[in-house]
Amino acid sequence: MKDLRIAVIGYGFMGRTHSNAYKRLTDFFPVQHRPVLQVACARNEGKVKAFADNWGYERIETDWRKAVTAPDVDLVDICTPNDSHQEIAIAAAKAGKMIVCEKPLARTVEESLPMVEAVEKAGVANMVWFNYRRVLAIALAKQLIDEGRIGKPYHYRATFLQDWTISADVPQGGAALWRLDVNAAGSGVTGDLLAHNIDTAMWLNGPITRVVARTETFVKERMHQLTGKVEPVGIDDACLFIAEFQNGSLGLFESTRYARGHKALKTLELNGAEGSLAFDLEEMEYLDYFDYNSESHVRGWRRIHVTNGEHPYMNRYWVPGLVIGYEHTFLNAIADFVMGLESGKPAQPDFRNALQTQRVCDAILKSAREERWVETGVEL
Amino acid sequence: MKDLRIAVIGYGFMGRTHSNAYKRLTDFFPVQHRPVLQVACARNEGKVKAFADNWGYERIETDWRKAVTAPDVDLVDICTPNDSHQEIAIAAAKAGKMIVCEKPLARTVEESLPMVEAVEKAGVANMVWFNYRRVLAIALAKQLIDEGRIGKPYHYRATFLQDWTISADVPQGGAALWRLDVNAAGSGVTGDLLAHNIDTAMWLNGPITRVVARTETFVKERMHQLTGKVEPVGIDDACLFIAEFQNGSLGLFESTRYARGHKALKTLELNGAEGSLAFDLEEMEYLDYFDYNSESHVRGWRRIHVTNGEHPYMNRYWVPGLVIGYEHTFLNAIADFVMGLESGKPAQPDFRNALQTQRVCDAILKSAREERWVETGVEL
Amino acid sequence: MKDLRIAVIGYGFMGRTHSNAYKRLTDFFPVQHRPVLQVACARNEGKVKAFADNWGYERIETDWRKAVTAPDVDLVDICTPNDSHQEIAIAAAKAGKMIVCEKPLARTVEESLPMVEAVEKAGVANMVWFNYRRVLAIALAKQLIDEGRIGKPYHYRATFLQDWTISADVPQGGAALWRLDVNAAGSGVTGDLLAHNIDTAMWLNGPITRVVARTETFVKERMHQLTGKVEPVGIDDACLFIAEFQNGSLGLFESTRYARGHKALKTLELNGAEGSLAFDLEEMEYLDYFDYNSESHVRGWRRIHVTNGEHPYMNRYWVPGLVIGYEHTFLNAIADFVMGLESGKPAQPDFRNALQTQRVCDAILKSAREERWVETGVEL
Amino acid sequence: MKDLRIAVIGYGFMGRTHSNAYKRLTDFFPVQHRPVLQVACARNEGKVKAFADNWGYERIETDWRKAVTAPDVDLVDICTPNDSHQEIAIAAAKAGKMIVCEKPLARTVEESLPMVEAVEKAGVANMVWFNYRRVLAIALAKQLIDEGRIGKPYHYRATFLQDWTISADVPQGGAALWRLDVNAAGSGVTGDLLAHNIDTAMWLNGPITRVVARTETFVKERMHQLTGKVEPVGIDDACLFIAEFQNGSLGLFESTRYARGHKALKTLELNGAEGSLAFDLEEMEYLDYFDYNSESHVRGWRRIHVTNGEHPYMNRYWVPGLVIGYEHTFLNAIADFVMGLESGKPAQPDFRNALQTQRVCDAILKSAREERWVETGVEL
């Protein structure tokens, strides 16, 4: 058993989910690396101390430059707002550290390209936390597609619907609300939510080549917590786009934080000539599957309760029928990353793969600004 | 095309559903008998006149004895409260009329036996309107069982849950509320609702041989509309029973009119070694089917939307995906009855078959009274 | 009671649903007009004779010009393919007949405009059969919106998904397959399916002002039943579009006949500041409603089983909990039309109102051709 | 922060779920006791060593008598088969250890009584792991009942359906299959599954006073892994019972391991005059609630996605909409236990409370044997 000493930069929501994943890895997965919570790093000393105490980190840092170059660190985990991903990642790569970066890779393709170059030049292991690939049902969807059960694809549709910013009284910027601040986040739902859907979509259905999009900012001004003033809102509250996939199928995507009644309705559906698949994150234990090759009088959408030992990842957990949750997607992800280190087959998406999603995001925002179809430039 | 002249006795809820079925028969089914709405009969002349006008009956009668012996009548349809079924049926049989009788056959086995004898002695076509056998999904369930898809049965469960009598202000007796009057109805949910579940259960899963039951009357007294006085309630508001089937499987049944939130939740589920089936009347377009013989990683309950042309009865209606409703169960039933006349293979359940359900109902009530297991005496 | 003598032009699927509605009207609705099935008209004498016999029409015609001018006809019902709507409607209007026309109004706005002028000039009652407004759940949705329960709207989304043309062996043209022939139909899913969604959307959420669309024809050539040759397919197999509503909300629409597993999945969802609504035609007895004004710990999407007496239209049918079906949307529609005649408040959508939907359809097809955003020109 | 040194006796399924709960307690709950995994104990040295290594136990024992009396142990956790609960619990109590015992308390009331006496005499903190009380949705159900939202209760029904023992090739006895060995388990589904349902039912709906039950053993003989011979099966494969609650409502319960298609379908439903509640473990993120006090046209079963911060326990986990899983029920349970230590209000069910469930289980088995109604003797 080898130690894998981790420095987590940032102690927000993702700092928590990742810490939880590291701590549980060897309880559930037969890996040869034991994660060590070595450094928790953030600017606010009091808060990062509390975070470190809660999760059991060995020590803290308040300067990320020290954390990413520290000799007692093997892997840097970037959990900060998107505007600092680039700088941290490049420094960590130069220091020869492995890097796992929370999604999206950065705010733009332009910001992302040097990151990809940096990790590839340094030859360090790297991954972006598109954790939804590790939902059991989505992993099973991938398996069923690879088994040829869906046939020629015609339609792919995906949503990510939330409702937490409808009130105009929600401020922007700072702490938990940096996602509403365009400078910190780069974009709104496009980078925060649709990036997940796009990563999943291209994993399951191949490259997206062209898009036409419409974004909207329903609340035009919000109090900014960093300036203390009411400021224009620069992010997209909602984004809808039509996509062309390289394989000839059509995609329809929607994300918003103004869909009353939906807390985290991340859905996907794929329709092919031989079958269809559908998923909904709010009941993530199910994958719905329609098999056209059943006898016609018993055809129907079947709800697969993805909790059997033969389902992806489930042999690591409990007995059939007992559900695991959202947090396990991170545990499965870090398990894949570590197993990738051990097997020599790096876990995906790495930085280069995540750049594909970034290209689509950029194209979406450009299409919305210019009100026209835009090529994504995704590598085919 | 031959006329089938009908006398309907009673103009209540069932008088309406049956009239509707007769009027639509030849629009949808290629039969050789055309129902003619000849006589509407009930004691209240004004009300039966209005009923007859609404539905287009040729004439009315206020004395059922005249209706069932009228020379211009071929078929007598008994839609009156249960306490008059016996007398009318026996008279109609003696007059040589075909008889279709609303369920249950009568209030008790004792009352039912002479009815069976009468129709058999007279040699007249007869049927009891256990219309739920004609729900598309239930007919498909029967087909799947007959195809051997379920295998050795272990469990059968069924409910019929309503909530319309919770208020103690609902009176009993008279008009639409005779179902709450034990003299008119014979029993409460047992004869009204469980009779349906029992008929379906024995059709799908064979004879019920023994039961233990518990009944309850939650509201002990209600205003009686016939006497104008508060009177004890004699019916069962709820009935729960455990059943043994001849085939070795166990049954669990429940019916109540005190299940808040359920208007007509008639459910059934059958579990066998090879598969399972489930149904719910409130979404009657679906049959749920679990096929154990699927590959294990894609096993799941599939929702069959029972609206394809190859599904039972559906080739008579619209195009795939478009649902029909509750009323069509009566249309399908009368179609089966008429096709039975024409083919010489009588539609089921006839009086003798419906007597089986009556035996189970009697055993249930006896078990509840005597607080012990009771043999049903169903013919095996 | 006054006779309302009807000539139905066309005996296809819609000829059946309309005939059924006429025959049942007075059984269920207390109107003062009794529909009389006077004339069934179509070119194929043998087939129209069989149709007339089945449904009980008084007589047949094989020339629609005779039917629409016949003195024994009060109302002309246009159930023919879309390419003949204009000519028949204008002739019927000139003859002073009331007109009910199957949707869409015509193939294009250009074709539709003279129809609107004709009926308005003639002063004849007119309606287009956008029957889905008469689904109980959708009518209830309209009521809840009008009650102010949804608040400021942000998002509207709708789909109409089918899967019946995936096989390249399905021919186009003639009889039941004219919907695949661009000359007869004008367009594919846009006019056939999306027109329904657009009519419903603008009824519930107001005018659509601008669209960007993508259409696709997955199967490029099909055997044409009229020419006997393999011909290019001119219709859209699928259509996706993003919409702007006048009220500031965003719409997302999709229709296809290549969504494996969906027979007639017509869905809609509306998200507003105070609540949300959702509907799915395959389980049309439900309306889903999210009420943000519930206490927060008991907020949830509630499934309203739209079968109570106080729900739209349901006081005309059965008892609570018992579902009606697709065909009743036509019955409700003709009831509204006739009650409109009697009350002087014409039922909607009339031809002018249906023209709005036509404008959106034209804009969609233009947007898809020209690959850009297009103004709909809908009257505000 | 104070150490809470734990000795876990048994390394099976429950040994894993409990270990996981201990390790995560302080990551999520602000308690003042830190669980220390001190001793893992089981007879098989190799296996318990592997288990201890996996989860990070300080040391192992192979003799439970040493473990429960060890001076470095504060709390004994009994995860062994049911036949050893009594002996271990009494020894641990005598040694003055706190005790948490996996359910059921023991095989019979007779075995359980001395356990209750022992912990009460010793004055040690004690709890039985009826973990389902800590499902978020079930805890919310309890809250809604306590808020008076359900009103006078009429019906309670519960199932626990599995399908893993249908094959006659599954052996009994030893390791993971001791649950099929009547000597080790005491009973079949009654003690294993129904005990959970009964505990939940009495927590939510009060004492069960009388029962009539039917049990069945579908597979009469199985290979016994301890003897190597085919032996009679002594457990109940299925158990159905009707119950009377003290509050006048009726209960209906069913459990089986022969319900094809159900892996762990633990359901409950409660119907009261003012509202109803329903739950299903296979989609444990939801509680279904029907509120009769809504306006009638918007009444419906609402699906509460129990993942908001104000829902029970959820303020300790992630953000709204993100589900936790089965394993968190154990984490919540140990958190309640520890908070009970700290607050002086012991978490429930303690041994005495769990004895109530044992009384019902005994009455069920007696009723099934004697084929008659049996009083439970539950303390009122």
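For reference, chains read A, B, C and D in written order, and residue numbers begin at 1 within each chain.
The working rule: contacts are C-beta pairs under 8 Å (C-beta built on N, C-alpha and C of every residue); 3 or more make two chains touch, one makes a residue touch a chain.
Only a predicted model underlies this, so the values are computations on that prediction, with no experimental measurement involved.
Path length between chain A and chain C in the touching-chain graph (shortest route): 1. Summarising the inter-chain layout, the chain whose CA centre lies farthest from the centre of chain B is A. Separating the centre of chain B from that of chain C, both taken as means of CA atoms, is a distance of 36 Å.
In whole angstrom, the spacing between the mean C-alpha positions of chain C and chain D is 55. Chain geometry summary: the mean Cα position of chain B and that of chain D are 42 Å apart. Touching of two or more other chains is recorded for residues 262, 299, 301, 305, 308 of chain B. Listing the residues of chain A that touch chain D in their complex gives 13, 16-17, 19-20, 23-24, 26-27, 54-55, 162, 164, 262-265, 281-286, 305, 307-308, 317-328.
Put simply, chain A touches chain B in their complex at residues 140, 143-144, 149, 287-289, 291, 294, 296-305, 308, 310-311. Interface residues of chain C facing chain A in the complex, by the touch rule stated above, are 154-155, 157, 161, 163, 166, 212-214, 216, 218, 238, 240-242, 244, 248, 250, 252, 254, 256, 258-262, 271-276, 290, 292, 299, 301, 371-373.
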